[in-house]
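Next come two complexes built around chain A: one with chain B, the other with chain C.
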Partner chain A sequence: MDWGILAGAICTIAVWTYLADNQNPIWELIQHIYIGLAYGWSVGYYWYTYIGPTFVGTGKDVDSLRTGHWEYIIPIIVGLLIYARYIPSISWVARYPLSLVLGWGAGYILAFNPPIFMGQITNSFYDLWTGQLSSSINNWILLLCLLGTLMYFFFTIRRDANPVMKGGVWLGRWAIMVGLGAAFGNTVLYRYNLFYGRLHYILGDWLHIAGG
Partner chain B sequence: MRKEVPMVLTVLAGLFVIVAKYLHAVDQLGWFTVGNRWFQIVYAMFFLLGVVSLTIVHGKNVQRRRSKWVYSLILLICMYGYGILTLEQTVDGPEANWIYNNIIVPSDSTVFALLAFFITSAAYRAFRIRTREATVLMITSVILMMGTAPIGDTIIPGWGTLAHWLMDVPNSSAMRGIQIGAYLGGFAVALRILFGLERAHLGGAS
Partner chain C sequence: MPFGLSLLAQEESKAVWGIFTAGQAGAFVAVAIFAILVYVMITRARAGQSIREIHKIPGLDAISEAVGRATEMGRPVHYTMGLPSITDPQTIAAFPVLGYVAKLCAQYETRLINTVPDVVIYAINEEIIRQAYLEAGRPDAFNPDDVRFITDWQFAYVAGVLEILAAEKPAAQILFAGPFYAEAMIFIEAGALAGAIQVGGTASTAQLPFFVAGCDYALIGEEIYAASAYLSKEPIITGTVVGEDYFKFLIFAAIIVGTLIATFATSNPLATFMTS
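Up next is the complex of A and B:
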């Protein structure tokens, strides 16, 4: 008997008991086991991916405290200040590392996102006559739907007074509905794919009564 | 000291990235690479936040014998036991990997698969055709679901082509519009943070 598959099947059925009753003890048990194991896994993962390499290094080419990079003591101490939030009298100290991370993230967005963002804009200059009627019509639809969607998000211009804005917003609303419908359809398909995967696991891999 | 210094640190950290990236002379010094490494170390030190929070919440449950405290105890045993195991033998060790593949992965994918049922009931509520917009949303998702699955082309030949056209043309332009809007929103928030207008992270209102 494959104990791994048995364990996986028990976990799968335990999670499915949620459908019968969302307060049943089997679901409560698997929920707590799952959260505990997931956090336990994250400890090992972060240690071996980030913390370990900083303290002891993982090879000759990685700079670490062991290889004499004592300046790393500074970010280590600054990072550890986040745990001050659990000590009420000095909880404000936790704002220091948080501010650095937030500032770095904001600067990163401003410095690195423009190339991606500009790429989206330059790629939106569609060729409106490609020599083929069908692809030209597609490009017209692409452009008009894009402009409509952008207009829909202009909240600083009065929509009812301007006929162009009014028409653009109307088109944009329909385009967004098509986009959201497609996103919803994809999500439903993905979830059902996962569900079939679990069924295959139970009926095929475990019970060997279905699937190949 | 409690709010002003963090605000200055936020601005300095943000400006450092921009200057290090855009001033050629500074870029040549490699400051950005060093700063990025420091940032990663600061960020990595946050890794125990979730563990500490869970320990406090569930530790209190166990200590005060609150209802369902046994589950809290099980959670703590699993978290610390598996944490120590992964520290001892890495996440790729034989026992750690067995637990990951046979308990965490099946539970994880089943939890996500559960959403199939809830999304179906949500679809029923959302798709009760009350407005013209809801009708478009419903028709699009039905065309897409039928077109992506083999049954669509079997029932009506060409259904898949229609689904692909919907994805490639109206859907992609609407999504591009939404993405451009999101980028602009991200820019606005980043600028607000750098100008010190966004102070929610300092524990106060903006």
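Up next is the complex of A and C:
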């Protein structure tokens, strides 16, 4: 008997018991085990990939304090300042590392997001007469839906300001809903696939009664 | 990619002065225009000069309605940001909304439970909620134990949230603003089981359909950024959204011009410039 498969199957069924009762003891037991495992794994992960190699110098060929990279003292001190929040008299100090992280996050977004939307814009330059009726109509629909959707997201022009805006927003809303409907269908199918995967695991890999 | 070609690719993409990368001149010009627009709008907003107003977003009223319902029922409000990351714009947009919700909860004396799967966001959220309670004049009502880091594993976090929803039975759940992934629908379903009114908002395209289908009110896409500005009334955020709107108008115009060129000309210099 493969004990790994047995454990996986039991865990899967234990999670499914949530559907019958969302506070039953089997579900709560497996839930606590899962969270505990995840938390323990994270502690180990951060130790072996970040803290250990750079702070203590446990990693091979990794720059660390032990190999003379004293500049790591700065981020370590900044990071440790977060714990000041547990000392009421100096808890305000903890806001500095948080501000630094927030500022870095905003800068990162600004630096690495723009190239994505430039490509999206230029890919929206449709040829409205391709020489073929079907593809030309397709491009017209794409363009009108795109412009309508853009109008839907104008936040400083009232949606009933004029007939053009009103019509554009109406078209945009329909385009968004049709798009979301298609995405909904795709995602639901994907979730069914996941479910079939688990069924295959239990009936095939574990019980050997179906699925080969 | 073969090793030699890989080295060549690295050489080509090397940035001049660490800033200017080949093939991104168009993006640089766009960002420069955007920055100027935002700067001008923020300056005008700060100086009290007139800028265009942000119109009201219907889903936003639902937030105060949800908190009001929780108050009447004497049950808590649960706020989740999905799987937030400090490098995601949606997470940044969620902070003012969390502050707004926390302030409402403090004023109405309603318990707010915030669950978080990220240690950095956890620390930030705790500060935001603490500050909101302080601004509402009720710092004593803030309970740090109600801001809960569970774990940074996606589905282990989900398991923790499901337990909280089942045990605490919040009367309102606010899922704002993400990014959300596969956990979104599970939260919405568990919120419905707990009998909570649910207000959601995200720009995560794959999860938006679930928000629209499952939440009582949903803010879609960029509405979350406008909501952030509308609620905070901060000149910086408001100016940014107004500046963004002008920029969107430029994009709108660029698409029309680019389409006309693509239809009537053999080459498209606008597309070439924008991707140059």
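Just so we're on the same page, the second predicted complex is superposed on the first by the 198 of 212 C-alpha atoms of A that agree within 3 Å, B and C clash if a C-alpha of one lies under 4 Å from a C-alpha of the other, contacts with A are read in each partner's own complex, and residues count from 1 in each chain.
By our rule, a contact is a pair of C-beta atoms (placed from the backbone, for glycine too) under 8 Å apart; a residue touches a chain by one contact, two chains touch by 3 or more.
From a predicted model like this one, the values you see are computed outputs, not experimental measurements.
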First, second, both or neither for A:I109, with chain B first and chain C second: both
Partner chain(s) touched by A:F153 [first = chain B, second = chain C, both, neither]: both
Which superposed partner A:L100 touches (first chain B, second chain C, both, neither): first
Which superposed partner A:W16 touches (first chain B, second chain C, both, neither): first
Partner chain in contact with A:I176 - chain B first, chain C second, else both or neither: both
Greater residue coverage of chain A in the superposed arrangement, chain B or chain C: B
Partner chain(s) touched by A:L189 [first = chain B, second = chain C, both, neither]: first
Touched partner set for A:W70, first chain B, second chain C, both or neither: neither
Footprint overlap on chain A, comparing chain B with chain C: 18, 28, 31, 34-35, 37-39, 41-42, 82, 95, 98, 101-102, 104-106, 108-110, 113, 117, 121, 124, 143, 146-147, 150, 153, 176-177, 180-181, 183-184, 187, 191
Residue ranges of chain A in contact with chain B within the complex: 3-5, 7-9, 11-12, 14-16, 18-19, 28-48, 50-51, 54, 63, 72, 74-76, 78-80, 82-83, 86, 92, 95-113, 116-117, 120-121, 124, 138, 141-143, 145-150, 152-153, 172-189, 191-192, 194-195, 197-198, 201
Residues of chain A touching chain C in the complex: 18, 22-23, 28, 31, 34-35, 37-39, 41-42, 82, 85, 94-95, 98, 101-102, 104-106, 108-110, 113-115, 117-119, 121-122, 124-129, 143, 146-147, 150-151, 153-159, 176-177, 180-181, 183-184, 187, 191
Interface residues, chain C side, partner chain A - complex: 24, 26-28, 30-31, 52-55, 57, 85-89, 91-92, 120, 123-124, 126-127, 150-153, 155-157, 159-160, 162-163, 166-167, 185, 190, 193, 205-206, 208-210, 212-213, 220-223, 226, 241-242, 245, 248-249, 251-252, 254-256, 258-259, 261-263, 268, 270-271, 274-275
Of all residues in chain B, those that touch chain A in their complex: 2-3, 5-7, 9-18, 21-22, 35, 37-52, 54, 56, 68, 71-72, 74-87, 90-91, 96, 98-117, 119-120, 123, 126, 133, 136-145, 148-149, 165-181, 183, 186-187, 189-191, 193-194, 201-203
